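Structures for review follow.
Each of the next two complexes has subunit A plus one other chain: subunit B in the first, subunit C in the second.
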Partner chain A sequence: MIKLVGQRAIASLLSLSVLMVMVFFLSRLTGDPAALFLPIDATEQMKEQFRALHGLDRPILEQFGLYIRDVLHLDFGESLRRARPAIDIVLEAYAWTLPLALITMALVIVAAIFLGSIAAFNVGGVIDRGISVVSLIGASAPDFWIAIVAIVVFAINLAWLPTSGVGTPWHWIMPVGILFIRPFGLIVQVVRGSMLSALSAPYVKTARAKGVKNGPLIFVHTLRNAMLPVITVIGDQAAALLNGAVIVETIFGFPGVGKLMIDSILQRDFNVVMAAILVTAIAIFIMNILIDIAYSILDPRIRQ
Partner chain B sequence: MSDSTAVKPVSQDQNKGASALLGMLWRDKFAFVSAIVLLIIMAFAIFGPALLGDLATSQNLRGRNSPPFDLSRGWIFVLGGDSLGRPILARLIVAAQSTMAVAAGAVATALVIGAFFGLIAGYMGKTASQIIMRLADVIMSFPSLLLAVVVLYVLGPSIPNMILVLAITRIPIYLRTTRAEVLEVRERMFVQAAVVMGASHRRIVLRHILPVIAPTLITIATLDFAFVMLAESSLSFLGIGIQPPSITWGLMVSQGRPYLNTAWWLAFWPGLMIVITALSLNLLSNWMRVALDPAQRWRLESRKSTDA
Partner chain C sequence: MTLRYLLTGALLASAAVSPALAQDNTAITVVLSEELDLVEPCMATRSNIGRVILQNINETLTELDVRGDAGLMPRLAESWEDRGDGVWRFSLRDGVTFSDGTAFDAADVKHSFDRVFSDQITCESARYFADTQLTFDIVDDLTIDVTAEPAQPILPLLMSLVTIVPSETPVEFVRDPIGTGPYVLSEWQAGQYIQLDRRDDYWGEQPEVTSARYVFRGEAAVRAAMVETGEADIAPQITELEATNPATDFSYPNSETVYLRVDSADEPTSDIRVRKALNHAIDREAFIGTLLADGTELAVAMVPPTTLGWNGDLAPLAYDPDLARELLAEAEADGVDVSLPVEIIARTENFPNVTEVAEALTQMLSDAGFNASMRMVEVAEHEQYYSKPYPESEGTNLILAQHDNSRGDPVFSMYFKYHSEGTQSGIAIPEVDDLIERATAATGAERDALWSELFAYVHDEAVADVLLFHMVGHSRVGERLDFTPTIATNQQLQLSEIGFK
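Entry: the complex of A and B
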């Protein structure tokens, strides 16, 4: 297990380095921060001063060398916009994104496994057809549109929920609900398909023959064997959520890492962009390790 | 001699194949309706700007945010007017063109490039395959928002550049699928036979492998068309996609967002168009997955005999 984690860490570190180098140079193509942060009538001298202050006047290769040196000392630079360490800003945003992703994913997993199993057991039933509809909506409706319709209905017309912001549990309902739809639609289909093939396995016939009831048959005998492909998809979807839900966070004014990412890209706050990508990559790496552990717990054959 | 006898049955078979395919489409009512809807939207995209281009840009401040289902201003205002008094129906039809152009362009570009490198990665040795796959990994992990902003600032906002951004992010999908399929197909007997008979690499790849994996790629492309359309509308919604005066449905939703309180229809209709199009594509792709797969086709064909 430790050897596996080490191998993965090296592979991830390699691709992360390539990614960081690309982001470093490409993000500097988007323009000069001095033009964005100083007033429009700023003199050339003021701009020079601004660039000198933030080290943006040096040759780009030198900037890159300095950045690497600082990163190796765990110094990720300052945010241009907020004049605070970039890593602090990113971690604060992550403290919002992480619970959002975890709550959504927990609800998705519980609902998808439960409903998907029941649908596989009653193919063509009401739940089965309902699930197809939700999956289709999830794959066809843009989340910003669902969010807007939800705001019009639940916040403006019915006035049940706040339109945006954070603070009370009520603020979380719409973001979680909208983030829920797509991963649920995907995962429930995988659960259903995987359960369908598992239910036709000979051991299920044996269990039925010896009189196992439907409940234990689904949730004890079959589910564990049907879970492996499901976990792969759960991993993909969780990774997408850990990347930050840009659209949903923007619409609901949720101070997570997705909103931070798009804001800092648009504001050319390079250090924050780099720190956000790094922290996200680490989060996804940890999650992939957890997925691997889940594999080996569910299927002892993988452990060898 | 052998060539001429071989060609004739093939063309007959194709004719029969096309009509059989249409018959199968007719039998699946959801897929049939989806196909009709997509044809209508394609007609919008092709003829819309020429027919309604002037109407869609003619501002009329007295008709600002005029409500839908009110025919007093003419049928073109049946879906209401936008914040500058332009008829939403006309704008929806005109916006179909750039929306479809971006999605079709991105899918076609990604399909061709992805399939090309996927064929190379699957057919050639381990080294080429490794290099190509690692590159695909990096592309996949690159934040597409940053890519969009870079292209927007460096190359300027335009439909071809938008196609470029979306195509780059989708290439890995086709690349991986093609490679996986090629790895499997090239071990099959008929490919081995072609190798033994001395066919060139080019001929093996183009005549023997590509036709087998083409249906899979087409099915994925249909599904991906919906995905790319959603991605484009998301970028336009965030303000880093298509820029005015070009319009796409995603941009129209974003332009309607400030008026949510007073005029919900500004953002509602274009979003609904996206949903209808994506839904049709998803349904059609579901049907294609079965219809184009020889092993599963009987599900659609045999229904007639069981009904009778």
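Entry: the complex of A and C
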């Protein structure tokens, strides 16, 4: 197990290095931050001054060398626009994104596994059809539209919840709810399909013949064997949430990393873009290692 | 039983939310469309920063009256006098203190300008003094002489663009601005809100609003909903779609002018007949009340009608596609290749329905015989087309752009847009350069007349571009407030102008 984790960590480190080099050079091909920071009628002298202050007037290889030197000293540079350390801005945003992603995925996993398993066990029945319809609607629902409708219904008409913001637990209900819908719809379908295969396996028939009750049959014997493809999809969906949820963050004024990253890319705030991608990539690599560990726990053959 | 639990839960939820929605009677919440990157006084001319700090935390020496016709009014300067040879003397208000308790004096004025012109930080307000060298001589604590080289006849107006900070302010961007204004920044939770509280020791009249919390929501529907539910009191920017409640929603000229910048160095737009054809090909009226809000006005100048020198005699070139085709045919007969591509380059999210406006403009130009196409680009790419040096193109690019001037004087627009050295100018005409230079140096009635003459020349003689619309903005103001947005609401939101019903 330790060897597996070590191998994955080394591979992740290499991938991360390549990613950072690519982002550094590609982002600098996309335009001049001085033109975006300064007003349209700023003089060329002001633009040159801005570039000189931020080292953007130096050859790109020199900029890269300085960046690497600073990163090795854990200095990720200052935001060009906010005059603050880029890593501080990113970590502040991540402090909002991480709980949002974790809460959402925890709810999704519990609900999708439970309902997907029930649907598979009652295949073709009313419950199965109901769960399938709801999950397909969820998987294909445009979250932008649902978010606006949710605000109209729950904040304006019913006045149960605040429209947006992050002040109290009530502020989290709609963002989590909206983010829940799509991965839930997708994972329910995967659980259902995977469970259908597992339920037709000979050992299930044997267990039934031995008189094992439905609950233990589904959730003890079958589910573990059906979980491998489900975990893959859970990892994929969790990675999307760790990247931030731009639409939900924009609509609900949630100060997460997704909107920060998009804004920073549009504003060519290079240091924030680099720091955000670094932190996000590390989070995703850690999650991938956890998924590998989960695989090996669920299926001992992988350990060998 | 389950239903009962659910209902009970819902009631508890709504009860728990209610206290969060309740507000002090004199505390307000303002919902803005984007968070501030900085709360830096020398960046107050940037609209999202200006709305929070301009005249609320940090004040200027002078102030332009946008609600009445008082023109330039005293703020931290009580009076000013032109002493000739480019020297202006400003007499400063006595008894003013900053929120840190230090007294305001002439040294603070000098230091504020030193920061603006420093090469250690890039202050936005420096652009208004690009070709002017300023020297500050402190006469006494409350008197300062400012020498402009070359002489700057509108220096007192330019003073309305630079905020004053204490001499102790470091020459770097600050996060806790200290000012002489009626409010002090008491809390800034990045990503969440900025809180301003009223000062007890403000030199002027105490405003009614005791505190203001600024929150940020990118979606206009949410901003409008927040005012509707009472979570916020003012949403300065909503769209026409949301502005449906006459009791709370205002529409007002927002000082933005939309136009197509034409590069007259390119074929075929180097020929004035082709530029006239562009103007005649566009049915401007058709946009108003459809793609653009009711109240939008047809533009005949780069600045809104409230600006000095406004020329009321000008009228937009009439929509006449037949005449446009005739003009193109004439130009073609004289050897102009009118089949060259004419591409409209527009910026995504520049203003509501910008894509549809660009599509309609393209179709109108095509109908009149132009080889027209369009391209939507994001802000950085748009800037590359909008400002010199312009990229090479086959045919010509028409840049769909929006320009803001709520400052009351054309000097903030005309040099950049029409002088041959202007960074976004599409023309190089000596008569225009001369008029701009003379108008910039003139004062009083002469200045007014020269700007007026320039507007007419650019519009009728040079046909420099395709002026389209003076835009309107929409705001939602909670019913408990006594506040009417103005043309300046795009740039600033003075809390002292807000009252309660």
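Please note the rule applied: the second predicted complex is superposed on the first by the 299 of 304 C-alpha atoms of A that agree within 3 Å, B and C clash if a C-alpha of one lies under 4 Å from a C-alpha of the other, contacts with A are read in each partner's own complex, and residues count from 1 in each chain.
Here is the rule we use: contacts are C-beta pairs under 8 Å (C-beta built on N, C-alpha and C of every residue); 3 or more make two chains touch, one makes a residue touch a chain.
These figures come from a predicted structure and were not determined experimentally.
Peer 1: Based on the superposed arrangement, let me know which partner A:31 touches: subunit B (first), subunit C (second), both, or neither?
Peer 2: After superposing on A, A:31 lies in contact with both subunit B and subunit C.
Peer 1: Mind working out whether A:148 is in touch with subunit B, subunit C, both or neither, as first, second, both or neither?
Peer 2: both
Peer 1: In this superposition, which partner touches a larger number of subunit A residues, subunit B or subunit C?
Peer 2: Per-residue touch count on subunit A favours C.
Peer 1: Contacts for A:255 in the overlay, against subunit B (first) and subunit C (second): which applies, first, second, both or neither?
Peer 2: The second partner, subunit C, only.
Peer 1: Could you look at A:140 and tell me whether it touches subunit B, subunit C, both or neither (first, second, both, neither)?
Peer 2: So A:140 only meets subunit B here.
Peer 1: Is A:266 touching the first partner subunit B, the second partner subunit C, both, or neither of them?
Peer 2: Both partners.
Peer 1: Where does A:232 make contact in the superposed view: on subunit B (first), on subunit C (second), on both, or on neither?
Peer 2: A:232: touches no partner chain.
Peer 1: In the overlay, answer first, second, both or neither for which of subunit B and subunit C A:156 touches.
Peer 2: Touch partners of A:156: subunit B and subunit C.
Peer 1: For A:19, using the defined touch cut-off, is the partner it touches subunit B, subunit C, both, or neither? Pick first, second, both or neither.
Peer 2: A:19: touches subunit B, not subunit C.
Peer 1: If you lay the two complexes on top of each other, which residues of subunit A touch subunit B in one and subunit C in the other?
Peer 2: Subunit A residues touching both partners: 30-31, 148, 151-152, 156, 250, 266.
Peer 1: What residues on subunit C touch subunit A, complex-wise?
Peer 2: So the residues of subunit C touching subunit A come out as 10, 13-14, 16-17, 20-21, 35, 37-38, 40, 45-46, 119-122, 124, 126-127, 130, 172-173, 175, 190-192, 215-219, 221-222, 225-226, 228-229, 231, 378-381, 383-384, 386-387, 416, 423-424.
Peer 1: Given the complex with subunit A, which residues does subunit B contribute to the contact?
Peer 2: Of all residues in subunit B, those touching subunit A are 134, 137-138, 141-143, 145-147, 149-150, 153-154, 226, 230, 233-234, 237-238, 240, 250, 253-254, 257, 260-261, 264, 267-268, 271-272, 274-275, 278-279, 281-283.
Peer 1: Which subunit A residues qualify as touching subunit C in the complex?
Peer 2: 30-32, 35-43, 45-46, 49-50, 52-53, 79, 81-84, 89, 92-93, 96, 148, 151-152, 155-156, 158-168, 170, 250-253, 255, 259, 266, 268
Peer 1: Flag every residue of subunit A that touches subunit B in the complex, lowest number first.
Peer 2: 15, 18-19, 22-23, 26-27, 29-31, 136-137, 139-145, 148-149, 151-152, 156, 243, 246-247, 250, 261-262, 265-266, 273, 277, 281
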